[in-house]
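I am attaching a structure below and will ask some questions about it afterwards.
A, B and C are the chain letters, set down in written order, and residue numbers restart from 1 in every chain.
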């Protein structure tokens, strides 16, 4: 049943990848100037401290990536080793790759600058393949996941560069570039790897046990709590505080809504842990792109209510429909947690962008909508913006999400085809959603517990 | 057995509450000035950053509320979904309500200012009904809990205003206004909802399993670790660092004492997880009101030793007595973790207040005991304090806790009466302490695990 | 089988120890000047805030000590209460003792200064006996552990003083003074307490269950995530940011390597949770001593790859060999997670020290290698350094680890002898690795779950 030789060669390739990373770091990566010792006679003091003022937020994001994502995916009854272990494995590989890939897009003098900012960006990039992994959870080998990650992160870095630096869209919390990209890429891969039509039933291991559901709540609650850090880490000035406030309120409103809608649409009006674990977080995704804008508390709460509703309804009706009709399994329901809420966020960003005025955003326009600087007939053409007007910016927001979807789905289909039709081993239906094919599992399990 | 119609109407009412919140946010809440963009020509830089310097402490408190409280209550063997889920639900509802309620008490020009401080206050307010929930855990419907929360938080905001702004008591870590209020309010509700005398035995589900006890330790350890943030977040200047140090030392001493006393009084001198999960934290409550005072390390340690001892003895002797004689069930023992330690803190605050001199507290007197500014015959009557003397301040501290108890118990009895005698569905004895009446629970549970 | 009287007397002694601490705090410990209120007429503002700028990192370390170590050791199937509970107990005792012991080495005017720095140091000291506990896990009574801790921390403080202040070695992340010391001290105690030759087989409880392994991953992931805080908290200036970056990259590389090597050497090429839980962290230990040096990203990654490889091979081959041939049980494999990686770190520190030039480190030389200031023929003999040259510093690094090993192993043997041959109760073989001898364990366990 197992082919140890294939496994061995997969892991050997990964070791070679790690060694290639080592060589690339050696050739291209250097500490940024502020990370180097000062000249003996320089006056200094607190400037280094200032540089690491985002360290607490970085640590919050670390918890989201490694504990949040990892434990959120432990909900499957016999897939907890893989959920926590592969998350750790993938994230450790991807952060190195992301430092390199994002670095190559911003090289100076042929070298990549390494600073705290690099690893903040790397952690954010790690979220992308972890979201895709959610769609595929339990139906791929670790080698497939890791190859997917390598390709996906490269494409993510390119698409992000395009969206933020070419189209100049706003996407403070990354709902477009991170969440939509990761979700639709993963779903496209899942579509390519879908089971044959006679094997489409949901397996009995594709569900939770009482204990595994509580483990998953560790992931949910840490993601909930630290989401404001994720959304605000790249915001500047007062925009950072608004990102915190808006994200917090949107999450709170989405959470209340999730419980209500879950009870209303579920069997016997009982609450469903799948909704509680996931849809409560939809508010964080849906507010992501616009979190640093002047939404007002009511704007954030409204977005949260919409996101919670759409997400629960997606779990209740859309996911089963996709499984039954498209044979598209989405184990964690990333379409409902990341996909649709990210679309809501993109639409919201177009609406809010269409109403932006210089008078409102003042000095922050430069940070948030750099392409709009110089527009609206203001005298001060600060720093040579493109002078794009509000309607045009709104159009670019929609164009940004459209291009992102196109690249994500195209890249996902291509990746899925590679994983399916080339030499990779594919799991059989009866190997799905269980740890024991890739992990040593305690033998006495069934007797002792 | 279930009445879906009643459930549905309860959840629909909650959705209406959420929408009312949305409208109130729209009508009354505006970003504080520092959260808005600066005028283009303003000179600025780090001022916004300064404003969010408490963000890391806010995040620690978030973890305490959502993970700490949530997992601490997972110790019941079949109530883990409810413990983590209802904590999330209640906290998400309460934080919104608290922003509004506390805002109404400090409006400017008819508007509520929204800033990081608002949501720090909201998180602290969320602790109050979660403490009360601990007393009632497993014996109410979620709808009852949520209605209790709405009323309790409004009353909490009023009592806090009274204690801090009218009586001018010190209560840096909130032991009086948060812990005593939450505990005695919850106990009063529990008294009203107590079982009839022939149903008073402790049910077999009112206990832990091996796994659920370890889940609860997640809550305990996060509460332990972040408690210094809770106590210090509202302290100013050097008082903040003292709050951190005193809380840390008090917790450490309470923890050692808890283990010793637990072993000495328990059956066969074995340690009891209930004590370890809860009484270790009593040091954090007992030092709360006085945590920013000049206690000295020995003062903090002494308070911790007393708190640990009282709390364990409470669990061992007082709680069973109350269950047997008053039919007052206190599922999590909030009287031992929050109630009595808060009383210790209030008494300690009276003792320390009676010894305060201007010479000792210097410029911090204004922050800590504003009503005492101008007393003690000092020449400098700074900012028009009331010139209250030390003995008088001590009296006010005791008056503050007395009024708090009165309002909490009165409010709790009233709330309990409403929950019992109006249209709310009450759980029957055999529905207590189990998730399955409100949650979809995996069917194959007993066979598979 | 149990001797309640012996237990009682042990716990009574511990209470006396806590009271002695109280007295020592009262006699010797005072708030540091910056923690006291300012004189009324002083101009001040942000200086106090600056003092607590390390608070977020302190909290990260708190999580590592209480949640990280505690949950990492829950992997044993029936020892979860002890793992989390005794960690809490020991750490609470040790932090108090460490404030005193480290304070006695730095008294001013007969008094110990208490500030945030004191409790950061105390938390780091708490790691030492927790590492040793890992070697002994499940084979000692709590009283033995606590007595060991008291002695070990005193010796640790002395050795650390010797290494850092007398030998002037660099050890930013404490791999020499904390990890090597804790690991080899614990192994020496384990050697003294080793079973008689006819009882050497590994008990069936000396392993994990499915659930306990996932609990352990909570510990692993929090240690992983916050390790950069542990390594960087004592670094100054830009060295702090380098410590963060180097630790992060080393951990990432060690993690990828761990998965690969684990799969290659394990039975049927399946991944082993023991490796994933522990060896992934070896990168953090191995980079510890040198984390603030100018390693470059490639240096950090290379150290991580070596550490991951050595650690997995240690678990796979060396630990079973030590158990079989030396009867030296090492329950958590601290030799593979802390011992050998710390040796790697010490060797790396000698190599990097041998290449240090003033031109490279500029103003930071004073912080990192104070004994080298004034060397290399530079004109500026800043602050009277010893003018030690690079080769000589490399020698001191090796001397530092050698002396540390000597003191740790000597102290451990002595401690082990005391625990074995004096009045302490020793656990019998069939009492090993189970909670029920010291904890009240739910009775209905086997039936209900």
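The criterion applied here is as follows: a residue touches a chain if its C-beta (ideal position, glycine included) is under 8 Å from a C-beta of that chain, and two chains touch if they have at least 3 such contacts.
Nothing here was measured: the structure is a model prediction, and the numbers come from that model.
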Copies chain B and chain C touch; is their interface built from the same residue numbers (over half shared) or different ones?
different
Cα superposition of chain A onto its copy chain C, rotation angle rounded to the nearest 5 degrees, comes out at 120
Roughly how far is chain B from chain C, going centre to centre by Cα mean, in whole Å?
34
Which positions in chain B are in touch with at least two other chains?
56, 211, 218, 449
The answer for chain B against chain A in the complex is residues 2, 4, 7-8, 11-12, 14-15, 18-19, 21-23, 25-26, 29-31, 34-40, 42, 44, 46, 48-49, 51-52, 55-56, 59, 62-63, 66-67, 70-71, 74, 78, 80-81, 84-85, 88-89, 92-93, 95-96, 99, 114-116, 118-119, 142, 211, 215, 218, 437-442, 444-445, 448-449
Which residues, counting only chain C, touch chain A once they are in their complex?
50, 53, 56-57, 60, 77, 204, 207-211, 213-214, 217-218, 220-222, 224-226, 228-229, 237-242, 244-245, 248-249, 251-253, 255-257, 259-260, 263-264, 266-273, 276, 280, 294, 296-298, 301-302, 305, 360-365, 380, 382, 449
